[in-house]
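Presented below are the structures under discussion, each in the form of structure tokens.
Below, chain A partners chain B and then partners chain C, in two separate complexes.
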Partner chain A sequence: MRFGVVVFPGSNCEQDVVHALRYLGQEADYVWHGDTDLSAYDAIILPGGFSYGDYIRCGAVARFSPVMAEVVRFAESGRPVAGICNGFQILAEAHLLPGALLRNEGLKFICKTVPLRVEESVCQWMDHEPGTVVRVPVNHNEGNFICDAETLGRLNANGQVVVRYCEPDGSLLPGSAPNGALDNIAGICNERGNVFGLMPHPERVTDPATGGTDGGAFFTGIVKRLEEVGG
Partner chain B sequence: MARFEIYVTYKKGIFDPPGATAERALANLGYEEVSSVRIGKFIQIEVADGTPEERVREMCDRLLANPVIEQYRIERTGEA
Partner chain C sequence: MRADLTPELAPELAAELGLKQSEYEHVVEILGRTPTVTELYMYSLMWSEHCSYKHSKKALRTFPTEGEHVLQGPGENAGVIGVGDGWAVAFKMESHNHPSAIEPYQGAATGVGGIIRDIFTMGARPIASLDSLRFGPLEEPRQRYLFEGAVAGIGGYGNCIGVPTVGGEVYFEEAYAGNCLINAMSIGLLREERLTRAVAAGPGNLLLLIGSTTGRDGIGGASVLASQEFDERAEEKRPSVQVGDPFEEKLLIEACLDLLDGELLVGLGDLGAAGLTSSASEMASRGGVGLDIDVTRVPQREEAMKPFEIMVSESQERMLAVVEPAKLAEAQAVCEKWGLRSTVIGKVTDTGRFVVREGDEVVADMPAATLASDAPEYDPPAERPAYLDEVQAFDVRAVDFGSPAWEPRSLLLSLLASPNICSRRWIWEQYDHQVMLNTMVLPGSDAAVLRIGEPGRGEVTTRGIAVSSDCNGRYCYLEPYLGAQIAFAEAARNVACAGGRPAAITDCLNFGNPEKPEVFWTFREAVRGLADACRVFGVPVISGNVSFYNESFGQPIYPTPTVGLVGLVGNIDRVATASFKDEGDVIVLIGETRFDLGGSEALKLAEGVVAGLPPTLDLQRERDVHETVIELTEMGLLKSAHDCSEGGLAIALAESCITGGIGARVRLAGSMRPVAELFSESQSRIVVSCAPENVMIVTALADRHRVPFALLGTVEGDTLAFEDLFDVPVSELAAAWEPVLERLVGGQVSTEEMAEG
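And then the complex of A and B:
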């Protein structure tokens, strides 16, 4: 399976993502933000970083990069798209995912490994048993997920909440999210489950050389699904 | 050229961490009369003569503000 990892001016996690995917035995190439042909790829990942210096709002300018019109078409045709950290912010700005990512509640840039609980969701990317607690690093200043009450109700009812920040034993407390995120939400997907956005960085805990292996199963679910349908 | 000034703020009910921090800092300085601080963005934009405000509104909706979390106010402030 061949992944395209989009590089915007200011992206800085694209090499980590490509390394993680290759570690998992997948093909992965960089896609420049000015490219408009995604036909060579089975799945697209928008990596973390500070696209366009985070000017105006995180992801607000990247959303209008030439490649993004194609990413929207790719996603709307049901093909898999994931956004990690800044990539999640870009997907939210592009309205491929609902809600927005605000400044962290404590005003601090947060860089640490946190426990996450994998929820029972329709997300096509995940390969964990629901309820699994994993440890994945977060590294952001604007990860405070918010949406209106109606959207939150829909996310919960449709199984669109993919991962939540939790306590080490998997329980959820009002303050489990280090950034103040609504309902401890760390990652969500669209209704079809093909578009996935999350603030934590699973690519950093995929190859054990970088300190963990909990992240691989954030990518292998989509590989298995596409192989099943002969993709 | 015409000039517009745009004020972008969080919608009511959206938590504004820098505003809340400024609010606490003002209380610490003894300004007990302060009950709320909201911090937003100020954007000054110069456009060709005759540009309708509707056009500036479109710029706000598409790029300068995020309608999911932000509201904005546009003022035409005359010729640049």
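And then the complex of A and C:
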């Protein structure tokens, strides 16, 4: 299947995502943020980076890029959209996902590989069994997920929490999130499960040459689903 | 022609701008008349130490600069070497010490931004940064402010533009308390045929200024900050520090690489120190042409800027391109795609003159080449400093090693907790060290290893480069010639641990005021040492930077000639890291331990002195040790390789245990007192481990290179045990080593408080 990876001014992980997808045997192309035709793609990924320098607020400017109106339509039609790191922040700003990403609790940028627990969720992207503990790098300054209590209740009740920061054995402690995220939330999806946003970078641990293989299954779930649907 | 200075006023302004009387007279001689304000500013900046290297040029000419890999040696924005299969690597290191000492976040950030511009100016995509940092002791609040601010600035800039920060080093010493060092190294990757030079050519071609607007920021940065010492008025110099915009730089990288891909440019130069003046005059000088610039065309962010301010502004994130008129529209379209301003500000001429106008009025008219090439060259007096006799006379052997301070087990733990040795994780976890998916060895080993290729374009190879930047300033303080050689040796040793054969170096030579004979002597000795080391290894210097005037209140820093070395790795799949891997592996010391406690971290901790003679160094032996380890790596026989440096063998073993999460049982030779065997900083030593069945090959290879070795013991258990001496659980080693920087920096004083204070 064919992925479109959107390039905003200031994106910097688009090449990494494209490499990971091609490593998984998928087709992947760059989509310039000024383009408005997404008809060639089966799935869209908004990659990490610092779109518009993260000025004003992470993702706040990028959500107004011409391509975003199309991304919203694409998502609302039920087709798969994922946002990684800055991409997650953009999806939140565009209200395709609830909540917001605040400055990390320790007020420092964090780049490190952390354990994540895969939750039982409706997310269409994941190919990991629920309960699996994976190791994936985080790399952000604003990854501290927050939402109101009602939204949190809904996320938990609907199976919209996809991955949580955890201890190496998979247990959850109050301080398991390196950034202070609410309920250790590292990634969430919408109710339909087609829109997925996460702070960690699975594309960095897909090709084993770069230090791990736990990331591949963050992309292969959607591939399998679409292939089943397609025939 | 505007005549805005009288013959009486001109020398006064010249003196104020830092031009010596003789230099002013030379300007008058070149022009045949009284200079204008703009001309004086331009000459004073171009002839400042920072831009002209007038005190150092003669010494620098002694460096070997040629070699089989060299595609571009010194003299351009960065040096370039070929790394095989048509790939090339551009790299350079540069200082941003003085701005950082005044405003650490912006100083460090713009240091990173500046060196990265030098790299993509060559047509290379920046792929990695390293940073060599020096501060005073972290117990002082001001030092914590500088350290935290500099690390945040490096991260803030590098993370945003998406270039991984993969390595570097940091030391904390009293000598740097008044003058911290921020040396940033950038590495870029390009196809050989894309190599671009900053040359203006073709009269009639247009000068296109790309990127940010021009303001008054950083005016006189090169002369005010970089070419003077600090005193109590340092804070007043804050307006001379530039402010960085990494987003703009990210766009500049993409736009410039697109412009070069489309073959739309004749030449490309970045605006660094001395801004438009240096960029334009250097490009004209290289091309042997003239330039005609109208400052009113330069987009300005402040009102009523004077021509000289526009010409010398150090506003960041600006590039100057030379474009053929026929390609202008296409070139500007590329800039526009990336949301970048681009403006034609002048043209290339055949007059050989650098003409600056404000509208119709000429405000400067000089022979273009004289700015870049006619700078004076000095041969300053040099005199061996008197302090050397005193510090070298210290007899390390006379130390009372029986005192409690030398109790080996507790000294080992103290050394692990020394800020100069402890884990650097607190630093590198604030840097994106993985983006671009080429970082094969993460920070924390001896050298960073980068894969050659552009994964996002579908080009991946198994070739790599190993990179390290090093300098132990203490050794250079105690014996500059030897210290500089050790800086080279350690960089090469770190790269060898990753299986890299040294290909070329860049350097950043940080010293005090060169007009003081004692300081200049240390500079000359360090250059001589570095040049000799390069010759023994057959490794050229392809780029570099000199930073003088690193003094505060008359006290110079330790001589600090930082070496950034790039080595070639044949097969990245075989690279070993520093950590021990598997139970039962055999630990072998390649090289030999001697009584080398002079200038050591152990001596500093136990006796509180920086004294004695640094470790001796046999460069040929050093090279043989490296060759042994490189060949073993290439054969895929090593499980780990870690060099012995500060803290000696005991620290090397402890670090391999901690990072591997596994213990070791070690038996020392017993030829010297244990503290010497444990903590001597003898050079030319690498601790390796291998599977038991490969030990014979390891030792045979060492024999073949006539390198001494010792079978130290085995990787086992969860304790580092020195037989008949003492043992320490690995968890206790880690608890001493891991949290130090975080604890020292953490919470005791906030950055905001210090900035306000």
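List of remarks:
As a convention for this text, the second predicted complex is superposed on the first by the 230 of 231 C-alpha atoms of A that agree within 3 Å, B and C clash if a C-alpha of one lies under 4 Å from a C-alpha of the other, contacts with A are read in each partner's own complex, and residues count from 1 in each chain.
Simple rule for what comes next: a contact is a pair of C-beta atoms (placed from the backbone, for glycine too) under 8 Å apart; a residue touches a chain by one contact, two chains touch by 3 or more.
Everything numeric in this text was worked out from a predicted model, so none of it was measured.
Legend: residue contacts after superposition of the two complexes on their common chain; A:139 is shown touching chain C, with no touch to chain B.
Residue contacts after overlaying the shared chain place A:159 against neither chain B nor chain C. In the superposition on chain A, contact of A:9 is made with chain C only, not with chain B.
More residues of chain A lie in contact with C than with the other chain of the pair chain B and chain C. Within the superposed three-chain model, A:64 lies in touch with chain B and out of touch with chain C [touch as defined at top].
In the superposed pair of complexes, A:147 makes contact with chain B only, with no contact to chain C.
In the superposition on chain A, contact is made by A:112 with chain C only, not with chain B.
Chain A has no residue lying at the interface with chain B in one structure and with chain C in the other.
Those residues of chain A whose C-beta lies close enough to touch chain C in the complex are 9-16, 18-19, 22, 48-50, 52-55, 108-112, 137, 139, 141, 201, 203-204, 207, 209-211. Interface residues of chain B facing chain A in the complex, by the touch rule stated above, are 14-15, 17-18, 21, 63-64, 66, 68-69. Interface residues of chain C facing chain A in the complex, by the touch rule stated above, are 152, 155-156, 159-162, 245-248, 250-251, 338-339, 428-437, 439-440, 442, 451, 454-458, 460, 572.
Partner chain B is touched in their complex by these residues of chain A: 56-57, 60-61, 64, 92-93, 98-100, 102-107, 144, 146-147, 180.
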